[in-house]
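In the two assemblies presented below, chain A is common to both, partnered first by chain B and then by chain C.
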Partner chain A sequence: MADWRGDRQARDARLDAGRAHLAGRGKVVAAQAAVDLLEAVLRPGDRVCLEGDNQKQADCLARALSACDPGRVHDLHMVQSGIVLPEHLDVFETGIARRLDYSYSGPQGARIARMLYGGQIQLGAVHTYLELFARYFMDLTPNVALIAGVCADRDGNLYTGPNTEDTPTVVEATHFKNGVVIAQVNEIVDRVPRVDIPGDRIDFVVAADKPFYVEPLFTRDPGAMTETQILIAMMAIKGIYAEYGIRRLNHGIGFGTAAIELLLPTYGERLGLKGKIATHWALNPHPTLIPAIESGWVEQIHCFGSEVGMDRYIRARPDIFFTGSDGSLRSNRAFCQTAGLYACDMFIGATLQIDLMGHSSTVTQSRVAGFGGAPNMGSDPHGRRHPSDPWMKAGREGQVVGDPALMRGRKLVVQLVETFGDKLVPTFVERLDALELARKIGLELAPVMIYADDVTHIVTEEGIANLLLCRDADEREQAIRGVAGYTEVGRGRDRAKVEALRARGVIRRPEDLGIEPLDADRSLLAARSIKDLVHWSGGLYEPPARFRNW
Partner chain B sequence: MESLTFRHTTKKPLPGAKPQAITGVVASGNLEVLLERVLPPDACEVAIETPITGYGPVWEAVVADFVARAEPGGIRISINDGGARPDTVSLRLLQGARLMEG
Partner chain C sequence: MAIDRDALSWYEASARQRVDALLDTGSFAEFLGPEERRMSPHLPLFDLPRAFDDGVVVGRGRLDGRPVLVAAQEGRFMGGAFGEVHGAKLVGLLRAAREIKPAAVLILFDTGGVRLQEANAGETAIAETMRAIAEVRADGVPVIGLIGGRAGAYGGGGLIAGTCSRLAVSEGGRISVSGPEVIETNKGAEEFDSRDRALVWRTMGGKHRRLTGGADAFCADSVSAFREAARALIGRAPAFDLATLEAEHARLRNRLEEFGDCRDATEVWARLGVNDPDAVPAMDARAFDETVAGVGGANHDAR
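What follows is the complex of A and B.
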């Protein structure tokens, strides 16, 4: 006779084993007992989600996991969006973990590349966020989730704080499919400010020895912005935002898009674009957006996570941000990614390498940074069925054959890059390093961030290439070479073909857009320093110490 | 240190009457550009002092593109480079030409 309750009974046995380590009343476990708790609950070969988000890190539980006895806890299959802390990789060196499926590994990008080459990690795949979340509900459902929140009561009711991020998704997949959920919190309280996760979904609450780590990933110091970045930002605003009337959008995290944010109240205002562009955002609370918000440009912002130092400002602007009954930000990575995918008309962001067809990747031979959400937002969703002016205009530009009555729109996917990156490394290449990496470690699928057929525009300091208007592969290659500046790829252009593309408006130079080079000056930035941002916020923005240089 | 000089013939003189202009600073990743209206109206000369050697062909391409875009006839340009990227050089030259026209 079939046993329909085997997994449920196994979960109950794990819970019983874990309860031996409770610290008295309720679900609370002391930080010192965290290793014992994990050794009691985990089984060899378990699928484990150790919450490593874009920003919020379950670091106390990460330290505990890496301190487990590899004789008892081993061969785990880690399924987590971010590989951010050293402990996330330490567990692969000791044999505690063996397999990995993830999305993003920014700060650990170099080490993860070395460990992949060395065979210490068996890699499943590098996912986009939504894709990994989707697999939590299909074939990568965690047996145990180790998550992080600001505080909880003794029954496990959890307040995640403004960085809700992945937590609701991870708990949903784990708890409702016979998994065990362990939350670390900064503080045990009698009553939480708001219930982000109901207590019956949390099995154990670990009172962390120190507050969880949050990475200030979205703070760009206006003091470091260059005139080249300002010039690129001006071209994007005039040649794309204004041209298509982009109101619903997502920005990447680079300096180029931060420069756009700081030019809205100055250059954008001068062009008469207020209210016509950049009103609805899927975006983390970027400090560089404060001047635009304060100048009345922005109607609303939904966030993936929060940003260090922005809490008081957000609390004071509930008409702009999504906030709870307690007043603090409610973010949600899965929902915001979905908004970015289906409800934005444009994604604009940077990348490390672009090839001759427009494929892009942030993987280089020495760094595997992963994708995060860029491929979700930086792709044209074929499931979209609502029209908008920018979407229809892009659709018309891209359609060459077929019945116009059956035309569908196109999302704008814009790559905003300087032709050279750090240390004069060219952004434009004949062949992506990602292909070499895939060959070396035997990946079936090369880690391409955005495929060429999703990219609609490339903006560099040399100009804008509108790939929607290219009619064959040769035109596309010359359009890309034509904005690739003085890189090898750029200098390898066919000058006559590039001029012909320019005559058709496929390539547009700053002078074609009526942009005055003398305007590409730092005085055009609405804020020229972090301190200026604090002033714009009326003192509500509290930048982290490393950005306080006054 | 490397010294490079490029001479071009232009179809027309740079508009304006301003005798000289200076823009930029000699700082890491930046450059200082001095423009002087001292040459015949169809001539342009660009003299570069750069601490980074081996980029002659890139300088040549940047200067040739600038001359084609701005037609800076009559202008002698002296560049004191601090290791600027080609895009910064290109932008600074265009800014210098605009200052001379103003």
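What follows is the complex of A and C.
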């Protein structure tokens, strides 16, 4: 006879083993007992989600896991969105973990590449966030989730704080499918400010030895913005935002998009665009958006996570941000990614390499940075069924054949790059490094961030290439070469063809847009320093020490 | 087009914009301008780009109608660093001051110190500049340093600043010899974390220098504020004699005795009598000036 309750009984056995390490009343376990707790609850070969988000890190539990006895805890299959802390990879060196499915590995990108070459990690795949979350509910459901929150009560009711991020998704997938959920918190309290995760979904609460780490990933110092970035931002605002009337959008984290944010209240205002563009956002609380918010440009923002130093400002602006009854930000990566995928008319962001067709990647031969959310944001969702003016206009531009009555719209996916990146490395290449990496470590699928067929525009300091208007592969290649500046790719252009594309408006130079490059001056920025941002916020923004110069 | 001195940020402005806006409108005449192409003979060896003015603008002009000589470093060319030509232009300007006898020489510092690619020439230029400043001051011409650029006044620039008659500094300006990264490399991040920029500014920034008497005026970040400060400081330049030098030695000895055991600038400020030291970094220029007025030792005649 079939046993329909085997997994449930296995969970109960794990919980019984873990309860030996409780510290008195409720679900609380002391930080010193965290290793014992994990060794009691984990089984060899378990699928484990160790919460490493884009920003928030369950670092106390990560340290505990890496300190477990590899004789008892081994061959784990780690499923987590971020590989951020050294401990996230240490466990693969000791044999505690063996397989990995993940999404983003910014700071550990070089080490993960070495370990992949060395065979210490069996890689499943590098996902986008939403894709990995989806698999939590399909074929990568965790047996155990190790998560992080700001505080909890003794029953396990959890307040995640402004950086809710991935937590609800991870808990949903684990708890409701016979998994065990262990939360680390900075503090045990009698009553949480708000319940982000109900206590009956949390099995153990570890009182962490120190507050969890949050990476300030989304702060760009206006003081470091260059005139080239300002010129590119002016072209994007006039040639794309205004042209298509983009109101619902997501920005990447580069300096180019930060420059756009700082030009809205100055250059954007001068063009009369207030209220007509950039009103609804799927975006982390970027400090560089403060001047636009304060100038009345922004109607609302939903956030993937929070940003260090922005909490007081967000609390004081509940009409703009999603906040709880306690007043603090409620972020949610899964919902915000969904908003970015289906409800934004444009994604605009940077990349490290673009090839002749417009494929792009942030992978280089020595670094596997992963994708994060860019491939979600930067893709045209074929499941979309609601019209909007920008979406329909892009659809018309891109339609070559077929019945106009059956035309569907297009999401704008814009790559905003300087022709030469950091250390004068060319952004435009004949062949992506990602292909060489895939060959070297035997990946079935090359780690391409945004595929060419999703990209609609490329903006550089030389101009805008509108790929929607290209009618064949040759036009597309020449349009890309035509904005690739003095890179090898740019110098390899066919001048006559590029001029023909310019005559058709496929390529537009600054002067075609009525922009004088000499006007691209830092005095156009609404804020030229982090301190200016503090002033704009009325003293509510509290930048971390590494961004201050006072 | 008239320049709006109040609106022009000193920190953001180029060397040429600073000079043009600082002096009486239209009064500046450059010596050895970029059209003469006096460029570094060394940088081509390293395949590095050169600047037509080698990163420094020197010339004469008027401040409130009075004749002044002026030198302005361009922090955006190689961090305003001293190379051979760059140094020679500054030394030549100072030597000319002994003949011309202007109301003052103004040095607009914006430098990380000596240019590594021409280190010997740069080091020599630092020494020659300090000697030339001593001679100019001995002749009765005040030398005023204005510090508020991105690169600050570091390395030899910090040494030269120490020989000036008077210094004006803004919040963004920094004065020191070893830079934050150098200290961290030699002494460790525990001693000095160069990534903690709030710490860097507490230790080397304009407010700390002003509170401890290292600088003699504090300016808001506008050209008009530096112009006001320069005018006031020319009138307050101390004599260049044995008494001044002895007073400076005594001041520095006292400073070491009084604050030598402090672990952070905020402790120094507290001992100086600042009520709420943690509030100092966020103060605007007016509030900060009031704080300085309540502190002993910020104003002195030593140098």
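Note that in this section the second predicted complex is superposed on the first by the 550 of 550 C-alpha atoms of A that agree within 3 Å, B and C clash if a C-alpha of one lies under 4 Å from a C-alpha of the other, contacts with A are read in each partner's own complex, and residues count from 1 in each chain.
In the analysis below, a contact is a pair of C-beta atoms (placed from the backbone, for glycine too) under 8 Å apart; a residue touches a chain by one contact, two chains touch by 3 or more.
Since the structure is predicted, the reported quantities are computational estimates derived from the model, not experimental observations.
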Clash-or-fit label for the pair chain B, chain C on chain A: clash
Looking at A:523, would you say it contacts chain B, chain C, both, or neither? Reply first, second, both or neither. second
Which partner, chain B or chain C, touches more chain A residues: B
On the A-aligned overlay, A:549 touches which partner chain: chain B = first, chain C = second, or both, or neither? second
With both complexes overlaid on chain A, does A:4 touch chain B (first), chain C (second), both or neither? neither
In the superposed arrangement, which partner chain does A:419 touch: chain B (first), chain C (second), both, or neither? first
Kindly point out the stretch of chain C, out of 5-13, 23-31, 41-49 or 275-283, that overlaps with chain B after superposition on chain A. 41-49
After superposition on chain A, the chain A residues reached by both chain B and chain C are none
Once bound in the complex, which stretches of chain A touch chain B? 226-228, 231, 418-420, 424, 461-462, 485-486, 491, 511, 516-518, 520
Contact residues on chain C for chain A in the complex? 9, 11-12, 150, 171-172, 195-201, 205, 207, 281-282
For a test of understanding, state which residues of chain A touch chain C in their complex under the given definition. 223, 522-523, 528-529, 534, 539, 545-550
For the chain B and chain A complex, residues of the former touching the latter: 58, 61-62, 69, 85-88, 90-91, 94-95, 98-99
